[in-house]
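Okay, here's the structure, questions in a sec.
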Amino acid sequence: MTVDLAVDLCGVRLKTPVLAASGCFGFGREMAGWVDLAELGGIVTKSVSLEPRRGRPTPRMAETPSGMLNAIGLQNPGVEAFCATDLRFLAEAGATVVASLVGRSPEEFGRLAARLAGEPAVALLELNLSCPNVEHRGEVFATDPELAAEVVRAVKRSSNQPVLAKLTADVTDLVAVARAVVDAGADGLTLINTLLGMAVDVGRRRPRLAAATGGLSGPAIRPVAVRCVWQVAGALPGVPIVGTGGIVTAADAAEFLLVGATAVAVGTGNFINPRAVVEVAAGLERYLAGQGAGSPAELPALFKAER
Amino acid sequence: MTVDLAVDLCGVRLKTPVLAASGCFGFGREMAGWVDLAELGGIVTKSVSLEPRRGRPTPRMAETPSGMLNAIGLQNPGVEAFCATDLRFLAEAGATVVASLVGRSPEEFGRLAARLAGEPAVALLELNLSCPNVEHRGEVFATDPELAAEVVRAVKRSSNQPVLAKLTADVTDLVAVARAVVDAGADGLTLINTLLGMAVDVGRRRPRLAAATGGLSGPAIRPVAVRCVWQVAGALPGVPIVGTGGIVTAADAAEFLLVGATAVAVGTGNFINPRAVVEVAAGLERYLAGQGAGSPAELPALFKAER
Amino acid sequence: MTPVRELCEVLERRRVGAYHALTLVAPGIAEAARPGQFVQVLAGDDRSFPLRRPFSIHRVERPGAAMGTAEIVFDVVGPGTSALARLRPHDVVDLLGPLGRPFTPPDEPAGCLLVGGGYGTAPLFFLAGELRARRCRVDFVVGAATADRLFNAMEARRLGHSLAVTTDDGSAGRRGLVTDPLPDLLARTGAGRVYACGPMPMLAAVSRVAADAGVPCQVAVEEQMACGTGICFTCVLPVTVPGWRGPGNGGPGGEPTRMARSCLEGPVFDGAEIAWTEAGYPGGPTPELELAR
Amino acid sequence: MTPVRELCEVLERRRVGAYHALTLVAPGIAEAARPGQFVQVLAGDDRSFPLRRPFSIHRVERPGAAMGTAEIVFDVVGPGTSALARLRPHDVVDLLGPLGRPFTPPDEPAGCLLVGGGYGTAPLFFLAGELRARRCRVDFVVGAATADRLFNAMEARRLGHSLAVTTDDGSAGRRGLVTDPLPDLLARTGAGRVYACGPMPMLAAVSRVAADAGVPCQVAVEEQMACGTGICFTCVLPVTVPGWRGPGNGGPGGEPTRMARSCLEGPVFDGAEIAWTEAGYPGGPTPELELAR
C-alpha cells in the first residue's frame, strides 16, 4: 500500500496534512536549524498586525495539567517588518506560508490583507478571530457571527488568497459562527484556538499569569478540539478544516483527520519536540498504510460513527 | 491561628467548604464505607429526574490527558425511588444533602422541586442546566439565558429551598447566563459542568464513547473552571458560587476559593481517591492556617489581582 | 466487610506465560478478600491523572504467620498495564479493595465446574481453594487463544479433580472454544454449579450452555470502570428485574431489565440474569427470546 | 552551530551543598557548547505533558578520548527539578542544546571579574576555563543566601586568581551581597570585563555597579521559558534599541525598548542594554533616569 500524504487545502497543495500552528513556530526562521521548512505541510506564522505589538507583561506562561496557559498578547514586529524579513526568508526556504493576521477591526484586517495581496510567498491567509489574549473580549470577533463575517468580507474584498477563519470553542453555537464566516466567503476554517483559562499561585495568592487569564493549549484541550471539528464537519460538509488542539503524536493527528479535518496544525507540541511537525507526518504515513488508506482524505470515509 | 472551615452557602451552614460533586459520589450511600457522610461539607446527589432514566449505552467513559470523558446520560432511579431510599439513607447518615435535579422542561423542573419541597432532608437544590449528555443540545438550558431563567422561576415558584443553578462553560457569555438565572431568583451558582468533548479510537476508527461525544472533566479543565469563577465572581459580587472542575488537592480547591468561590465540589477526584472530599478539606485547613486566614471566606480579600 | 485503601509494596513481579503476576503486601485486602472480588490499582507517580485499573484477585496469603499478601495476574494491553509491567520490588502501588460481590459457594457440598478463559482463570484458583475447603468437587475447563495465554494449567491440574484444555489454534489441548467440551463435562461430572471468568462473549456462551443443562451459573464480568466503588455509573450492564416498573426491557425472557453497576452488584452475576443480547453479546441464554422482541 | 536533540544517559547525579550536579552523556552538546549557553531538559516518562526545563551548562567534557559529557547543576524547587533529583545512573534524559547566545570573551587578554549568585556560579566555571585559555586574568566574587548555597567555592578558588565570598547571613565569607565588594574589586583588580550569572535582582545591581565604574558587563538572565528555541515569545525582557521606531519605551536612558526573546538573543545580554526597571528590577543601571519617566 503506497501512501501519498499530500492534501489539497482550499486549492493549495500541501506536501503533508501537518502544519505548524500560529504562535507556536515563531516566524519559521527560528526552526530552520531543526527541520527542513520546505518539507512541512505548511507554516502558519505568528499572527501579524498592522503596527508592531509589544505583547503582554511577564510571566506570560503557566504550566497546567497536560497543557499550558499563555498570555503572549500577540507580540509581533508588524506587517511591514514581517514582509521585509520573515516572509522573504520563508520564501527563500521554500516554505508553504500561511500568514496569520490579527487586527482590532474589520477595516484593519482588510488593510493587512491588502498589504499581503501582492506577496506571492503567501499561500493562504489565516484570520485570527479568536485570540483570548486581548484587552477587550470585543476583539474576539469569533464570539459574534456577524462581526466575524464582517472581518471575512473585508479581507475577501482586498485579497484573492484563500482565507482560513480561525475560530474559538468558547462559544455557545460554534456551527453558527462557522456557517456565518463560510457564507461571508471564508474558504476554510481553523479549529480551535486556545480556551480562555486561569491558574492561581496559591502560595503567593495571585494569578500565575501577569495578565491573570490566558489561553489554554496542549493535550488537555484535545477532546474539545476534536469535538469541535466533528460538529462543524458534520454541519458544513465540504468545508476544509484545519484541526488544532493538543496534537503531539500521529495518533492525535489521526483523531482530527478521522472526524473530518483536511489538515492539522501542531502548536504546543513544538515546544517539547522541535521536530514534531515532521515526526507527526511520518507517523501518519505509517498509520495510513496500516489502515489501508492511500491518502489522508480517505480517512473520514473509514470512520464508523453515526451523527 | 485557629481555623474554622465552616461556610455559609445561601443561608445553609456547611461544616467545610468542600462538597462532593453531582454524579461523582453516586447517591452518597455507596461512599458510607469510605467517609463519614456527616463530616462532609455536603453531598450533591447524582441528578434525579421525574421518571427513572437508563442512561446511555456503553462504553460510557474514556480516559483523556489529565481528564476523562463521560456519557453516563443521567441514569437515575427517578425522584420517587430517590426519596424512598437514597434520601432517607442520607438523612439518617446526617449528611448535608444538595439534591441535583434534571428535567426536559421548566415544567418538569418545577414538578421535581415541588416533590422535594416537603423533604426536610434536602438542604439545597442544584439545577443541572448544563449536562452535555443529552439527546438534544436544546436540553442544555444553560446555553440560553432566557430558558435557564425560566427553569429557575419554575423551581422557585414550587419550592422555598435555596437554589443553585449549575451552568456550563460552553457558552459565549457566561456572565449573561449567570446574571439571568440570578435575576430569576437563583440563590447561588455552581460552576462548571463538564466541557463537551470527544475522543477517537484511531485503531478501531470509531468514537471511544458509544454516544460519540461526552463531558470532559478532571484536572485538564481546571484552568477553564477557575477562569469562569473569576469572571462571574467579578461581575456578580455577593452571589455565592460553588467552584467545580479538576479539584484533586487542597491547593486546587484554594485556587477556586481565592478567585471568589464560596465553596468547591470535588468530582472526578473521588474516582481515584474515595476520601478526596475529606482530605481536600483537611488540606485546606492547613493552607488557611499557613496563610493566616481564619476561615475560607477570608481568602478572596487576600488575593492580589486587579480585574 | 468494607474495602480499604492500601499503599502496597511490590514483593515480586514475574512472567507467567504471556502474563505478569504481581505479588503485593496488602494485609487489609488479603484479610478481607473473597474469590471473585477485585482491586482498583494505581501505579506510578504519573501526573496525567490516570484512572485506577481493575484487576481480579488471583490469590491471597491471609495475614498471620505471613504479613498478608495479595496477587494479581495481568496482560499488558495499554498504558495502565504497561506501568504495572515496569514495577520493581519495593516500588509502591496504591490499591482499593477488596471490591465487588464475590462468587457465592453452594450451601451444601456440590460438584463445581470452573470455566476460565485467558487470564480469567486466575481468580478461579482462589475460588477452587474455597470450594475445596467446603468439600466441593472441583473440575476445570480452561481455554485461550494460544498455549502461552493459558494461565498456569499446571496449577489448574493440581487444584482440580479433572482438567480440560482448549485453545483456538490447537497449540495446547483440544482445538476450539471452552464451551465445546462443556455439555459432556456437565453430564459426566454431574456438576451442580458452574463458575466462569473470561471474555464477555465466552461468559455469554457458558451461561447459555449451563442454562440449557439447567445448572446454575455464576460469571465474573469485565466492564470498563472509572471508579470501581459504585459512584460513577460507568460500568453498567443490563440485568433482568422481574416485575420492574422502569423504562426499557430486553431480558433473556423478555422481562424488564435495569442497568446494574457491575462494580457494585457484580462483577459476579448469575449468568441467567444478564440480558446478554442487549449487552451486545448475543449467544447468551435463550437468545431467540431476546431477538424475538 | 545549530543545537541538537539528544537522548542522554545519566552517568552520575551527586549532591553539591544544597544543589544536585547531573552528568550526562551528550556528545553533540558537549562538542558545540559555549559558556553561558543552556540546555532544555525533559526527564521522566510523565504523561502529563510537562514542558522542558532550562538549565545552564555547568561544564562539558569535549568528545574525543572521553565520550563527550555535559553537566548541569540544579536546585530543587518544583516538579521538574524534583524529577531530575530522582534520576539514577543509566536513566535517560531528553535534552535540546546547546541553546542561546554565549558569553563573549574579550578579543584581547583582559582582567575579568566573574560574579556568581547561588547556582549561577556553575556556568561561570565553564567561562573561567575559556577565559584563562585566552590568557585573561580571572577573579571571582560568589555570593548566596547561606554557606550551603554557595556553589563549590573551592573550585572557584582553584580557577580564580582571587576569590571573594559573601552570604546574606554571614555563614561564610563576608556578610552581605555580592555587589558590596564589587567597587573595590573592580578598582583593585583593574578588571576590564564583568561577567555575571545569578538571580535577576543581583544581575540588575551588578550591571549598575559595572556601569558606574565604566566596565562592560555581560549577564546571563533567567526568564520563564516554554520552548527555549525562540518560537513561543514567553521569555521576553525589555532591551534598549537606540532609534527603534516601534511603540513603548523605558530604557535606561529613556530610549525606546523592544521585548527580546532571552532564549534566542540571550540568555547573555549586555547588562547596560536591559531596561531593568521596566523588567521589574529597579536598581539596574541609572535607575533615576528610568524612574524619571
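The letters A, B, C and D name the chains in turn, as written, and every chain counts its residues from 1.
Definition applied: a residue touches a chain if its C-beta (ideal position, glycine included) is under 8 Å from a C-beta of that chain, and two chains touch if they have at least 3 such contacts.
Please read all numbers here as calculations on a predicted model, not as lab measurements.
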Any chance you could name the chains that touch subunit A and subunit C both? B, D
Farthest from subunit B by Cα centre, which chain is it? Let me know. D
Approximate Å spacing (C-alpha centroids) for the pair subunit C, subunit D: 59
Averaging C-alpha coordinates per chain, one finds the centres of subunit B and subunit D separated by a number of Å equal to 48
Rounded Å distance between subunit B and subunit C, as computed from the means of their C-alpha atoms: 35
Quick check: how many Å separate the C-alpha centres of subunit A and subunit B? 33
Numbers and ranges of subunit B residues touching at least 2 other chains: 65-67, 218-220
Any chance you could list the residues of subunit C touching two or more other chains? 47-50
With chains as vertices joined when they touch, what's the shape: line, ring, star, complete or other? complete
Which positions of subunit C touch subunit D when the two form their complex? 46-50, 79
In their shared complex, subunit B is touched by residues of subunit C numbered 2-3, 5, 42, 47-52, 96, 223-224, 226-234, 236-237, 245-248, 258-259, 264, 280
Contact footprint of subunit B on subunit A as seen in their complex: 64-67, 69, 143-144, 169-173, 195-200, 202, 204-207, 212-213, 216, 218-224, 226-227, 230, 246, 251, 254-255, 258-259, 287, 291, 299, 302-307
So, in the complex, the side of subunit B touching subunit D is made of residues 65-66
Which residues of subunit B touch subunit C in their complex? 23-26, 30-31, 33-34, 46, 51-55, 58-61, 63, 65-68, 70, 72, 75, 77-78, 218-220, 248, 268, 270-275
